[in-house]
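Note that the chains are named A, B, C, D and E in the order they appear, and that numbering of residues resets to 1 at the start of each chain.
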Amino acid sequence: MTQAQVTVEPVVVEEEFDTVDMNINMGPQHPSTHGVFRMVLTVDGEQVKDVTSYIGYMHRGGEKLTENLDYRGALGYQDRTDYLAAFNNEWVYCNAIERLAGIEAPERAEYVRLILAELNRILSHFMFMGAFGTDVGFFGTAFTWAFKERERIQDFFEAVSGDRLMYNYFRVGGLAWEPYPTFVEDARWLLRQVEAGIADIDELMTNNEIMISRCRDVGRMSAEDAISYGVTGPLLRAAGVPLDLRVDEPYSIYDRFDWEVPTGLRGDVYDRYLVRLEEMRQSVRIVAQALDQMPASGPIMAEGLPKVLKPPPGEIYMRQENPRGEYGIYMVSDGSDKPWRMKVRSPSFHNLSSLRHQVRGSYIADAVIILGSVDIVLCEVDR
Amino acid sequence: MPPLEHVLVISAILFSIGVYGVLTRRNAVNILMSVELMLNAVSINMVAFAIYGRVAFDNTFTGIIFAFFIVVVAAAEVALALGIVVRLFRNRATANVDEVNLLKW
Amino acid sequence: MSATEIVFYCIAFFMIASGLGVVLARNIVHSALALILALGAVAGVYVILTVEFLALTQLVVYGAAVIMLVLFALMLTRARERPQALFGKNRPIAFVIAAGLLTAFIAGIVASEWATTNPDDIEPLPFQEIGDVLFSAWAVPFEVISVVLVIAMAGAILLSQPDQGEQ
Amino acid sequence: MTSGTEPQAKAPPKSKRAEKAERIKEPPPPGGIADIYRAALPASIPVEAEQTKWDVALTVPAPQLREALRVSREHPTLQMDLLRNQTAVDWTDQGLEVVYHLYSTALRHAVTIKAWVPSENPSLPTVSDLWRMADWAERECREMFGIEFEGHPDPRNLLLDEDFDLPVLRKSHPLAPIEVKQGVDVEYFAKEHPRETPPVRKDDAEGDDERAQRIAAAKKQAAAAAGAPAETKPAQELTPEELAEKKAAQVERVKKARALAAAARAAKAGGGAPAAAKTETPAAPIEAKPAAPPPAPATPAPPEKKAATDLSPEELAQKKAAQAERVKRARELAAKARAEKAKRGG
Amino acid sequence: MPEIVLSEFAGLSLPDWIDALIRIVFIVALMTVNALALIYLERKILARFQQRVGPTRTGPFGMLQSAADALKLLTKEDVRPTSADRWVFELAPYFAFVPVFLVFIPIPWTETWIVRDLELGFLYVFGVLGLNLVGVVMAGWGSDNKYALLGAVRAAAQAISYELPMLLVSVGVILIVAARLTVDGGSAFGAVNLNVIALEQTTTPFILLQPLGFAIFMIGALAELHRPPFDMPIAESEVVGGYFVEYSGIRWSFFFLAEYTALLLLVVIGSTVFLGGWNFPFGEDVGLGLQVLLTIAKTSAVIFILFWSRAVLPRLRIDQLMAFSWKVLLPFSIVQVLANAIILAYGGGEWIIGITSLALLLLLIGLVYGRARTLSRGAGRSLNKQPARPRLITAHDPAGGD
């Protein structure tokens, strides 16, 4: 890795005066901004010269709210940052508190958490496939195909947690309640369905000539640039950096499974798509193994937890690999029943900050699919 | 069929409108459009003469062929002229012919 | 007056009105749209004059291609944002010149003796013969025209390309 | 190089909290990242190491922070190429603790770098030229904590309303009412609704017993009802004068930053767009801006969202007028609300 | 110029104007019914592709859904943005609609069911259909909306570029027809008459002689119709509907009507020119009633393919679209026309034309496919997979530093 060659170049807008530049306001209400995101494209004809992002429309002050609730009470807010990966968020939050307070969740609970989080990753990537397909122009076909599988997973989650989107099922030290009796069998059935669904999506999109020519070499980002922008997750892996926190800073029980980390070669939109597709398959692998290894019975909650949780003063930066990248919670305890400071490091936020770097010089249509390939969840960007 | 004189008068009116436009308009694109009007007026004349004089002039199609060529040349002319206008706009930020008073770019 | 003549005068009126629209409209895009109408009306005149082939050529070439070029140029250069610079100072003079020209034309037309056939005896033009003539007697000019077109195309592309050396 | 602005940034005053915090500080294991840092950093940068629940946290003096971060990025034994997180913690009376979480993708080690800045006019050099990620992170930190990052290329608000300039994540910022009336007459609400519970909680001896807590809360309430002197008043609660002063400083800062940004923009627009240059002035938002009277922080937003090239002068003027109109209306409304409140209260 | 004559319509001698009126009413009814039916069918077919059921609630199988939609559109408020250019905005739908309406005139539904048998039918179709663009550009510009403007500019650029290959491959067919007409020293007069072209296909539809021509014609038709994969002018995820983004109610439905009518017309023309129109394949003489059925069947088959392509193809980018037209389709169609001309001029058999065209088509497909393969480099292989073995995280080897 070369040293420190990554500096911020000044914005070089071509001095040459080509016809009249036009500012296009894309969003906050636009079908392809994936939420209330606004970007102002400065275009010359169809080519994007510059782009300015405006975020914050969904800012709800989740950090401030969490600081004003006790540790357990703020759990529900964590679902709402990244609503497509709610289990993963809950997990990070619970893990952060558990590490702060020195609690250890029982093994069975850990397995259930892992299975649900990995399934949630698949769900989130299905959502990506659908939305990205629509961005590329599959008039709804990719969307409905992906959503069919996503619905299946959501049905499963509903059976487990009682909710389809904001599960609120994990607890500090374990799970809210015992998973229902046929959990394992249903999960196995679900995996088979999901695998078929992944194959369908693969067949529909991967080798489509138009898809390839649309996505290849669009939005390329070198590994250095990606790292400099704090880009993590599938985007960074597509750029060729095999950084996966499940491997590099292991947490939970990921070291018990046999799986692989896919990385791309070019860091373009197509690689991101491929990486996500492969990640879904790997998640299926992980879940299958976890289902086999999972103890059939056992406690799902740590013993002897106090009624009011007061972790000793200290701090932790808990980070885990969410579907969109490194989701970190920086939590500072002052010894009271509320976190003194809770900061969410959301992957979407930093991935989105690299948008300008990727979009400049491409076409308007590229801007749309690049934004789609970044796969932002605006609730998470704005928190 | 209307008499030849009426066709000619109409084309003359169109031509005069074109002349007026060329003389008064300042925007290069507008001038171009006025020139198009004049060209079309001329080609109406050509066609009219060809049609009404076909018997008298030995069944040739010269007028119509000319009108056809005028259409083609006009297309070429428009393409070129618009290229020049866009160029002009790019370099001098104006499409106004009165402001193009430098004899250099 | 036959139906054909009624149609002709309607078209002529329409044509002149659109022509006036072209030169008088304050908004340059309106001018361009009026030009489309005027050119369409010219095509109508061609149809009345039985040259349908020419009328269709007119529609294909002007209606789609030329007008699109004009509109492109207008959109790309945003000419409509400067409406105050539309007309020059010499409007009265121009009017006098145009009116004088028109008077002279009409005087000439009326005064001349035209050796024409009776309008009612005119046969529809056998346009398949146009093709024969075009590719026999007029073959060389036809080829030259195509060369002109190619050159114009190349020139237009060259002109509208951004300079490479100029920074 | 970039230091010299904050001579007192180091060594925050020792309060009770700080003492407590120091007591629990746990030294990192030897041979770890802390030692590598000690070796890599120049001797002029003192490093205070602490083992957190996962990473090792190193505290460096604020003036040397940038140098320390630069070394982290460039030193071959560190190679911290990923700035994964950047934020701040408001420790009320001791100032703000700015936290940088670093990670090396090549060497796979992580570290936390911290620096203290005072609560009043906090300022740090930017690192957005070292990690481009810091661009947005610093913008967020700036609007949430009021920390000014010197040399930041684009110091606008990121998540909040563009003329909302209160540090909302500071502990001194009340929670609810301002969210209701965002941007309009914030100061009034801040005065009317002081923070109800003290953020610094006593280390109550009742332990984890929920009932005892409830009793304590009830006791507190009773004491408040009895008109006891505001023992509960938080130490960091600012007096109105202080608040006003701080606000003024902040307004000044924001104004400066905006003016800078506008100037840069104007320069860019002037150089890049002859069309705009042809028409009168490209955009003159700076002069047009009223002098920002303190009671109404809802200053008109300079028309910075659209590039000057895109607006004709007429449109610009129109837009500006509309904006002024809107601001005026907002102010009137706020004044009315204030009068009503006062009537009801008094 | 046609003077007043009594014309025949369904065996009756009628004055011209009544005759014209009947034909106009017929066309308008056909247009409306066609648009309603196509919209319903498209929704149903797309729904099947997307594993949905589509409209089911209105009428049997949801068949009245389009009618309900039409009713809604008719009663909807007609909104005009305040900053829109009033006249341009309000007239644009008609400018987009009328040319399409006019294209009905030379279409041979059967051997004799033609509104007017125009000798220059083919040229007429393209001349008039091109004017459709004026309405589109007016809508885009008059709405004073940047998305609309972008959509209109895209539509114009793409229509201009795809009209050319379409015309050229049609010239290929016309050459063949002309060669047949002049074979006994006759005149080539009528070679651009759509009905004559259909008549020439009693034994062999021209798709067998000009497969490349048919492919390019249909691709061009997709582009002219703004249908996927060439739907950039109305791409929802980019320009949110394009040139009619500001329209509502009846004006918007005019655009829609024009779009679906143009779809029908271009496909009918395509099937007339390349699939033999009302001819039974390989030359059975059938009655008029069956001829209509044949036209409808061929048209429906092609329309189904267009719907299919909408379901499974993503959208090209505008520069790729232009490049595809100018760098691929145009050279291919020019080569095809030249090949036809040379073969016919030197008296080669028509089967040589067919084989040449087929070879060109295969070459075209190979080019497209090969480019995609080169780009993707085997989609699976552009990934590195690294085993996720737990790696020991040492806090860096101190020996490296000190």
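Here are a few things to note about the model shown:
In this section, contacts are C-beta pairs under 8 Å (C-beta built on N, C-alpha and C of every residue); 3 or more make two chains touch, one makes a residue touch a chain.
Nothing here was measured: the structure is a model prediction, and the numbers come from that model.
When the interfaces A-E and C-E are ranked by C-beta pairs in contact, the top one is A-E. Farthest chain from chain B, judged by C-alpha centroids: D. In whole angstrom, the spacing between the mean C-alpha positions of chain D and chain E is 58. Averaged Cα coordinates give chain B a centre that lies 67 Å from the centre of chain D. Chain C and chain E have Cα centroids lying 29 Å from one another. Chain A and chain C have centres, each the mean of its CA atoms, that are 60 Å apart. Across the assembly, chain A contributes residues 15, 17-20, 22-23, 45, 248-249 that each touch 2 or more other chains.
Shown for chain C are the residues that touch two or more other chains, namely 2, 4, 48, 50, 57, 65, 72, 76-78, 162. In chain E, the residues that reach two or more other chains under the touch definition are 1, 153, 391, 393. Considering their complex, residues 2, 4-5, 8-9, 12, 15-16, 19-20, 22-23, 28, 31-32, 35, 38-39, 42, 45-46, 48-51, 54, 57-58, 61-62, 65-66, 69-70, 72-74, 76-77, 79, 82, 85-88, 90-91, 93-95, 97-99, 101-102, 105-106, 109-110, 114-117, 119-120, 122, 125, 129-130, 133-134, 138, 141, 145, 148-149, 151-153, 155-160, 162 of chain C touch chain B. Contact residues of chain E toward chain A in the complex are 46, 49-52, 146-147, 150, 153-154, 228-229, 231-232, 235-240, 310-320, 368-369, 371-372, 375-376, 379-380, 382-391, 393.
On the chain D side of its complex with chain A, the touching residues are 17, 20-21, 24, 52-55, 57, 70, 73-74, 76, 79, 81-85, 87, 89-90, 99, 101, 105-106, 108, 110, 112, 128-133, 135-137, 153, 157-161, 168-169, 173, 175, 179, 200-201, 203, 208-210, 213, 268, 271-275, 305-307, 309-310. Of all residues in chain E, those touching chain C in their complex are 1, 3-4, 85, 87-88, 119-120, 123-124, 126-128, 130-131, 133-134, 137-138, 141, 149, 153, 156, 159-160, 163, 187-189. Per the touch definition, chain A reaches chain E in the complex via residues 22-25, 30-32, 45-46, 133-141, 143-145, 148, 204-214, 216-217, 240, 242, 244, 246-250, 254-255, 257-266, 270-271, 274-275, 278, 282, 363-366, 368.
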